[in-house]
Amino acid sequence: MNKKTLGVLLLTSPYTYQNSETFYEIAKAALEKGHEVKVFLFVDGVNNAKLNQEPDPERPMNERFQELADAGAVFQACGLCTTARGFDQEGADYTPGVEVTGLTELAEIVGECDRFLTFVP
Amino acid sequence: MNKKTLGVLLLTSPYTYQNSETFYEIAKAALEKGHEVKVFLFVDGVNNAKLNQEPDPERPMNERFQELADAGAVFQACGLCTTARGFDQEGADYTPGVEVTGLTELAEIVGECDRFLTFVP
Amino acid sequence: MEFTERSVLLLIRSKPFGAIFNFEGWRASVGMFGMDHEPMMLFMGDGVLSILKGMNDLPIRMFKMTFQSFDGRICVSKKSLEAHNISPDELIEGVEVLDEAGIGQAFVENEIVLTF
Amino acid sequence: MEFTERSVLLLIRSKPFGAIFNFEGWRASVGMFGMDHEPMMLFMGDGVLSILKGMNDLPIRMFKMTFQSFDGRICVSKKSLEAHNISPDELIEGVEVLDEAGIGQAFVENEIVLTF
Amino acid sequence: MKALIWLSSDCSSLEEIVQALKSQGQEAAILLVQDGVFMADKGCPHSDELKTLKVKVYASKKHVEERGLGDRLVVDVDLVDYSRIVDLMMDEYDKVISL
Amino acid sequence: MKALIWLSSDCSSLEEIVQALKSQGQEAAILLVQDGVFMADKGCPHSDELKTLKVKVYASKKHVEERGLGDRLVVDVDLVDYSRIVDLMMDEYDKVISL
């Protein structure tokens, strides 16, 4: 099969919505198959990247983001959503590898992917 | 009219859900009428107390929480929800006046209020 | 006002798993015992989908055991069960099925209602 | 893959005000022009409640003006309008009403779909 | 006991709760807030339910107006501001049921 | 063009989108994930809609099982794991529509 790129828009918070779990499993499986994964964190989706989330053994969000980033996933977080929620606009509150950018970068992902998936609330 | 106590359970994030706006307006009006207001922040509700939220002129969450606290509103935030989301368990990430506690304190509010309102998603 | 021990209704209307509110309702219900309230859980609407016997109850098992060990009442609306085509024998152990009068009493007798 | 300029469908299904997803969909649609995509907004289901002329459009006014200044298409499902008892003259200016074929074409012609 | 039902979004079980309260001789009223106000809109499939319940219905003025529903309401509602909402909750009714 | 409709929660407009795609001679399939799997449950008022659409329906095995719906499904679904879901999205279908 051809290697392709999956674009993802994640709109919801971790712990609260199952989307974060499903996103992780889908992204992991896609990366294992050699696909690229490019993720834009938008609205409450930016909360997924917050550092120091308690390592719930079932849902260690920080480790999962790190694992996906190490496997090549690209993460961008909406800057306005980030500052509105009180997080550092340089990304200091986020897992390394998550870049705080803007909607132009979402548009870039849209132009660089073969398939696009939105995790709605 | 008798002065009474309003207990509030806030379950949702600021900016993302209108609940936070409505909560503020209701709490302010209740305090102005001489009622007491006791609030428990639960699930994504704990995000409302986060410091350094950008002062959106329409929705300055930090100022609003401070204003309500100054007017006598009592705020408790669920400790497990707080640490799960990567916030300081001593409350250092939160507006002064918001105490990080647990469900026993929710039960206390339930025992001390005349009316109780849940802001559901 | 002065602290009062109360009967408290935990009204659970949300589906399980997709969002955590349903499970957090279980956790809040157990919290009520911390101040000697008498909590009652009432499942209505889509909330009835969270007391199916076949559901993986790992996220709430400890809360459920604790709740039942304190003799907390777990109730469900008969009408909501029917609307979801669920027969009572598909439910977890220890659930009381309430008819219209029972639902009415639940809202009358419990002084405080928390909704999840 | 290499960057490609695309036609992009912004599918808006959420109600306005109660949660911000609807308004953020407008913001995202404008963002598509930043990379010269050709975005189209399509309101379906409860999303149609957000293009009523009488709505306070302050939260999205700038996005709407920008979107229209770039000649972005704002479309709505005829069927969803009817289901919500909304007549086309109750809508904001510049909305195209799409029948079944039009909806089908929207999903065929736009390569990427973003949902709010 | 007079119960005020705070309805902010999902109207499922509303009818059942109102009828159950009535079966016990209790009075219920409904307060529509936020997206709950759409329930009184002429396009809502549940607006008839609201009419046939024959209970007092209040609706948040701000939330009706910002959504542009002023001319579209098909249920007879009392439009109320936040101050009045607080009085309804704290003084005029004995219990709040949040849906 | 073969479209895969990712349905995670709200099934409104699903039927309309499937019929609209068919009207253009396009193929559509539905993938139920998370709370979307409840749509195939025998208690869901929309399960008939899913049956009459006569399209291929996949459902996330994990999400069906954790909800305890194994014996309650009334729609003929293919239960799929995450690996298969990725293959469906990336290879077997040309476009994903998220609902």
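Order of writing sets the labels: A, B, C, D, E and F. Residues in every chain begin at 1.
What we mean here is this: contacts are C-beta pairs under 8 Å (C-beta built on N, C-alpha and C of every residue); 3 or more make two chains touch, one makes a residue touch a chain.
Keep in mind it's a predicted model, so treat the numbers as computed, not measured.
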What is the set of chains touching both chain C and chain E? B
Between copies chain A and chain B, are the contact residues mostly the same numbers or mostly different, with half as the line? same
Name whichever of A-D and B-D has more C-beta pairs touching across its two chains. A-D
With chain centres defined as mean CA positions, report which chain is farthest from chain C. D
Let me have the rounded angstrom distance from the C-alpha centre of chain C over to the C-alpha centre of chain D, please. 40
Hey, how far is the Cα centre of chain B from the one of chain E, in Å? 24
CA centroid of chain A to CA centroid of chain B, Å: 29
Check each residue of chain D and list the ones that touch at least two other chains. 13, 17-21, 46, 113, 115
Each of the following residues of chain F touches two or more other chains, namely 8-9, 34-35, 95-96, 98-99
Could you list which residues of chain B touch at least two other chains? 4, 15-16, 18, 43, 114, 116, 118, 120-121
Could you please write down every pair of chains that are in touch? A-B, A-C, A-D, A-F, B-C, B-D, B-E, C-E, C-F, D-E, D-F
Mind pulling up the chain E residues that touch chain C in the complex? 1, 3, 10, 12-13, 16-17, 19-24, 26, 95-99
In their shared complex, at which residues does chain B touch chain C? 4-5, 7, 9, 11, 42-43, 102-104, 106-108, 110-114, 116, 118, 120-121
Would you tell me which residues of chain A are touching chain B in their complex? 13-16, 43-44, 47, 50-54, 56, 62, 81, 83-87, 93
Hey, which residues of chain C end up touching chain A in the complex? 17-21
In the complex, chain A residues that touch chain F: 1-2, 4, 6, 18-19, 22, 25-26, 28-30, 32-33, 35, 114-121
